[in-house]
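You will see subunit A twice below: alongside subunit B first, and alongside subunit C after that.
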Partner chain A sequence: MGANTENTIEKNSRTNIGSIIRSNTVVMLFVLAGVIVIFTAINPSFLTTQNIINILNASVIIGLLSIGQTFLIIAGHIDLSCGSIAALSGAIMAYIMRETGIAWPTAFLLAFLFAVLVGIINAVLVNVFELQPFIATLAMMSVCKGATYLLCEGKAIQIADKAFLKISAISLAYIPLPVIIMVVMFLVFGFILARTVFGRMVYMIGGNVSAARLAGIKPKRVSTILYIISAGASAVAGALYCSRMFSALPGAASGAEFDAITAVVLGGVAFIGGKGNMAGCFVGLIIIQFFSNGLVLSNMDAFWQVIAKGLLLIAALVFDFVRRKRFESRL
Partner chain B sequence: MEQQYVEFKGIGKRFIGVRALHDVSFRANGGEVTALLGENGAGKSTLLKILSGAYTADEGVYEINGAEKHFATTQEAIADGVSIIYQERQLVKELTVAENIFMNMLPSNRLGVIDYAAANAEAQRIIDIFRLPIRSTDRVKELSVAHQQMVEIMKAVRRESNIIAFDEPTASLSETEINTLFSVIGHLRDEGKVILYVSHRLKELFQITDKIVVMKDGALVDTLKTSDASEKELIRLMVGRDIGDIFHHLDRAASFGGPVLEVRNISNDNISDISFTLHKGEVLGISGLVGAGRSEIVRAIFGADKLQRGEILIDGKPVKIGSPADAIRAGIGLCPEDRKDEGLVLENPIRTNISIATLGLVSKMGVIDTKMERDMSLKAIAAYNIKTHSAEKQVIELSGGNQQKVILGRWIGADLKVLILDEPTKGIDVGAKSEIYNMIIGLAKSGLGVIFISSELPEVLNICDNIIVVKEGRVSGTLAREDASEEKVLTLAM
Partner chain C sequence: MVKNMKRRKLLALLLAIAMVFVFTACTSDGNAPAEEPPAQQEEGTAADDTAATESDEEIVIGYFALTMVSQWLQNVNKALTDLGKEKGFKVVNADADFDGEKQMSQLDTQINAGLDGAVVFIADEGMGTAVAEKCQQAGVPLIGESLRVADADNNLLAPVVELDAHAVGSNGAEWLIENIKEEGFNPDDFSKTGYIALTNSNQVSTTIRIEGFEDTFFGEYKDFPDANKFVSDVAAEATSSDDTDATFKLVSAILGAHPDIENWIMFSGYDDLAIGACRADEQAKLQDKTCLIDCGGERGIPEWEAGNAPEWRACVYYNAMEFAEPIVDAMLAMIKDGKSAEDVFADQKEDGQKFASYKISGTVVTPETYKDIYLPGY
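Coming up: the complex of A and B.
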């Protein structure tokens, strides 16, 4: 092979047009544009700075959950318990604060550690007892939900710590602190996924777990870390939720895992693993939030909104399927 | 019955960055076995995929018995009597042999209830034609790679297709199984079926084919009668140059260094009491029938399968290997046999499949250096002559032989003490094979210990300094290069 061809191969490897065409983040940006145009046409107040900030603020909980789901789904796993872990850790935090009166950082740390423990249990169920991730975390979801109701005794636990309540009220340059926290977490975890050895391992175990193992990657260790990340991010989400609501609610973040997974799949993360990225997930998140907000502004009945969201998830999954089929038929 | 035939007329096909086929025309007759021969990436599989409806041709047409066909799906092609046995197996591993042989055609009664007894009996009848030691109720995942391959062939036999194409069917079969396969192919040929046959093993072409179609870079070079062809001429046609006697130019090390890998009485469910010593600079072959435990031995050493007993020493010191990660840390590298299931992350670019086992070499403090990673993959592409237009090409889009080269490329730049190659030349063309032999000998010369597994006996006899023969999970004999012969190895293996 001459030096000439080698140079062409190098040049082609740099530009890498194929992967840009293949990635569907671009497609999703068009979908997003479509959503914006339609809802702005229905209600002009949709596209105002204030409304956009409101939308971003409302997406924080789901956004934080979707970070963990992006990692897990790319690795071929899933965590259905993330929403209820958020609710439970929020309740634990509020409970500790009410019972002991300690300041929020300590209470948060304890709740966070508890969430990590739940993440480890999820990982043990999946890796040691070899349960399907879907089943194991579905069971965990139920356990955490029940525990939250027990802890709250069915009522809200009020929070008195002023410093804590302020967190969700502070804005920097008009941008609420929770939004900043979310964006920073997206950037940090996006970097980890895209650029680090750990992130690469996530893709490899999701793409072909046996091949990854034979190449020296430890799939169980990687997925254990992912369940912990998911649970930890859920604890942060739970705390922000409490700060916003001035209390821990037994039904907090219910169904949030559903929205998070919808965002991830909309963002082009393949459900069978190995494919996707954090930017796509963020776009998916924005689409689903714009969509829900648009429905509210269009005065659509709340129950119809639930149906519409379900349809959106179906559409995302069908899209995922069609993309795969097209890819396979080319081979 | 009228004579069956397939005729290709001016077939052309492009993919992003490559022209896979260009103006390919020839005719394959019933009652004959027509071989397709060409280097890795020459376009053989692509042509078969066009015939099978998996791809559509950009240019040209093909005719079956004079009627022009345009299969849009593989189902259409199957309905018209075309079956392709692909290089990569298309089996559902969780299902039984019978279920795979029948797939969606399982016999059922009027209520749609599947008649498993009938299906199993019919599948067993086909298995018995092949004289295979498997049962129709076995699960495919429990079968050896070779037997899985045979299940694939039995699927086509069951469909009673008139046109059957074999894409490297013998790549993972051993001598005896190849003979069974050839008797079945001979049988199908005598029934007047059109047989297309792709293989990189020239010897086989002389055994089983009547006509040879030689391709290079997507174009047809020549069509010759097998009886008029010589091995040398075929190689010249497909490679474009004379490569000489591939085994005689090998420049091997004069002597070995000290022991680098000592294996003492290792056992698990598949192997018992395996012991041997590998020296620096030595190429050690492991031979035996498919399923005798060759792969299982190296998997155990590499930590892929659990060890129940025994000890492994590297450079004279005992090491504990509980996982492939431990083995790699100890300086052992493995190129696994099964590229689809265990070797590659198919829907990923060449780049990430090259760096997968040595991410530490292309990263700093856990962050991957994109340029270093790209350079590593470009180096492997050049060293192994992987046919691609870019390091970003998805591995699934490479030809079979080029996928195999990607697996070999993964240890480029790694600092290994022991390299284990499990069927490294599977699906590799003659020219590239000699390059791989040179690479193996070169690595050994530089002080590595190499373990080499291959179903091709001539390869083992010529490359290896010592050969361990295994049978039913035990070592049945050890032969030095000077004393080894095909007969001796086979006697120990049987």
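Coming up: the complex of A and C.
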């Protein structure tokens, strides 16, 4: 092996290590470690198995919503209606079960198909009528929210199907089933995003839609699939929410879309599109949930908690910005 | 060209769907008491009928709500509407959607349309003077619902029917004190007992309910360890307005972090918080070691009827009809009999106040007793 080859290997190796260190996900893992150390020092109960399971369980609804958001934001889109779709599909499912007495899998399937339909409508508004995704999905959020209140008549729809209610109570090796569902979905969609042709298409239309078009990609077709993925994940979130609460609530997941977007952005997904990954999104989600949980265990006043969460987000993003700038200046 | 045609067809289809939807929404039953024949038309003598119909048909009472997505406000609206059908007046409602300006504009619109009386859940407590002046100038009697129509010094500017939030909390505490041993607690030793206040600091009435409970309960048990007192405050969730899920997360965290505590007392400011706490409690398998008391009951009682939430031991129950009845009686007395607003609820007037506050403090019900007073739908 010649000296040149050795130099090349060494250079490549340095580049790989550099790219790992440059990775936003790694930085956010350090932030997560910092959060864990600080809150464990404040309250030793923070880093217990039970508390970590609680944190993961609390992450499920926002986590599922953030899967769809990750795809969409990387592709240069956004879906503000995902929380309302979750609430509406949960209400549809509960309503069908109450009115017809059919088993939950059928009711879920119908609610899921309805959510997919809403996803297609979102895509039509954005792709056919060329509405801004922010405005189109904001309008759909309002439509779904109103429809949920109409269906529920402003009240909770109680669910009597014991088998369905058990979904949120089942644990495998101490891990609640909803957490397992969330992690599996993160892995599957993370794989799709990182390792498939479709995933590369998502990055391409988010990075440069004209170049993607020239490369033979059909951006509208891709974004339609992404809106459907987002709506479908929302329907799963809505069903798990109902199972957890024993009922469909008209105000379910209200505002959860913003928490999901926060997790995605904190996880390093560029708001302008073209950059990010599912692992980063998961880490962003976990940071937010660990931090919120830690604040509660610290007995901090509620309004200070709100300020602290905002400061965490600002600090993490500024830290990431400074790190990138320092790296770019070295090049 | 073909693409444009497709777009036009889609647009036409969407517009058609929208029009059908609007038409359906407008023609659905909704809340249109004016179209219902007044109940009094079917009663009494023929002469009385004519007189009653002519005078009563003209009475229009407006219900100006903070937001109609609130179940409580929907229930109040329903109670007023049902009383309107019974007593022969029409109710029109307006949803301010948390917007004070919008509520003022809605008042203007209805006053111009011939409003006879205004029941207002004020959208912004800072605009009490403006609302009172507007109604006074128009000669429209005004009654506040749940929130006071007051000036900057909290002087009432109109009669109000409101919840006595401190008394509601205190009632819950008195029930627990009376039943402390039956609920499995040792009043001589609370070292292994935890207390969680389920609250929302964004809502003044809710924090006062919690204060009412704590003043009475911890006034009785002064040795209750401060280290065992916790707060689940959904105000910490700035971006989410799903109080149930927020409480689920907060209570899960508290329960998970204190495995040393053997049994729990929870007091909830309202039902949405209590449901979240129940589900967290059940997830932690602590339902047999918890006593949860809540204010309201509109969601708690259906939980009992469904056989859920064994830890939800009591509700300080009040319903919308308890609010609507005194409002309607007072409003009709002002409109029909010319009773002065200062004389409304006169026996409940506080010292130094020009107008009176009719206070409701609720009744404690349990799964064993609620059927005696529960009014479903209100």
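Note that in this section the second predicted complex is superposed on the first by the 279 of 331 C-alpha atoms of A that agree within 3 Å, B and C clash if a C-alpha of one lies under 4 Å from a C-alpha of the other, contacts with A are read in each partner's own complex, and residues count from 1 in each chain.
Quick note on the criterion: a contact is a pair of C-beta atoms (placed from the backbone, for glycine too) under 8 Å apart; a residue touches a chain by one contact, two chains touch by 3 or more.
Keep in mind the model is a prediction, meaning the values are calculated, not measured.
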item	value
Touching partner for A:Lys218 - first (subunit B), second (subunit C), both, neither	first
Partner chain in contact with A:Phe271 - subunit B first, subunit C second, else both or neither	neither
Which superposed partner A:Phe319 touches (first subunit B, second subunit C, both, neither)	neither
Subunit B versus subunit C as contact partner of A:Val128, first or second or both or neither	second
Dominant toucher of subunit A (residue count), subunit B or subunit C	C
Subunit B versus subunit C as contact partner of A:Met204, first or second or both or neither	first
Which of subunit B and subunit C A:Pro250 touches, first, second, both or neither	second
First, second, both or neither for A:Phe258, with subunit B first and subunit C second	second
Residues of subunit A that lie at the interface with subunit B and also at the interface with subunit C	none
Sites on subunit A touched by subunit C in the complex	43, 45-46, 48, 50-51, 53-55, 57-58, 61, 124, 128-129, 149, 154-156, 158, 160, 168-169, 176, 241, 244-247, 249-256, 258-259, 262, 292-293, 295-297, 299, 301-303, 305-306, 309-310
Subunit A-touching residues of subunit B, taken from the complex the two chains share	16-17, 54-55, 302, 304, 323-325, 327-329, 334, 336, 341-349, 351-352, 355-357, 359-360, 363, 366-368, 374, 377-378, 381-382, 385, 388-394, 396-397, 410
Subunit B partner contacts - residues on subunit A that touch it in the complex	1, 6, 8-10, 12-14, 16, 18-19, 195-198, 200-201, 203-204, 207-208, 210-218, 274-275, 327, 329-331
In the complex with subunit A, residue positions of subunit C that touch it	6-7, 10-11, 68-71, 74, 201, 230-245, 248-250, 252-254, 256-259, 272, 275-276, 279, 282-283, 298-299, 302-303, 306, 308
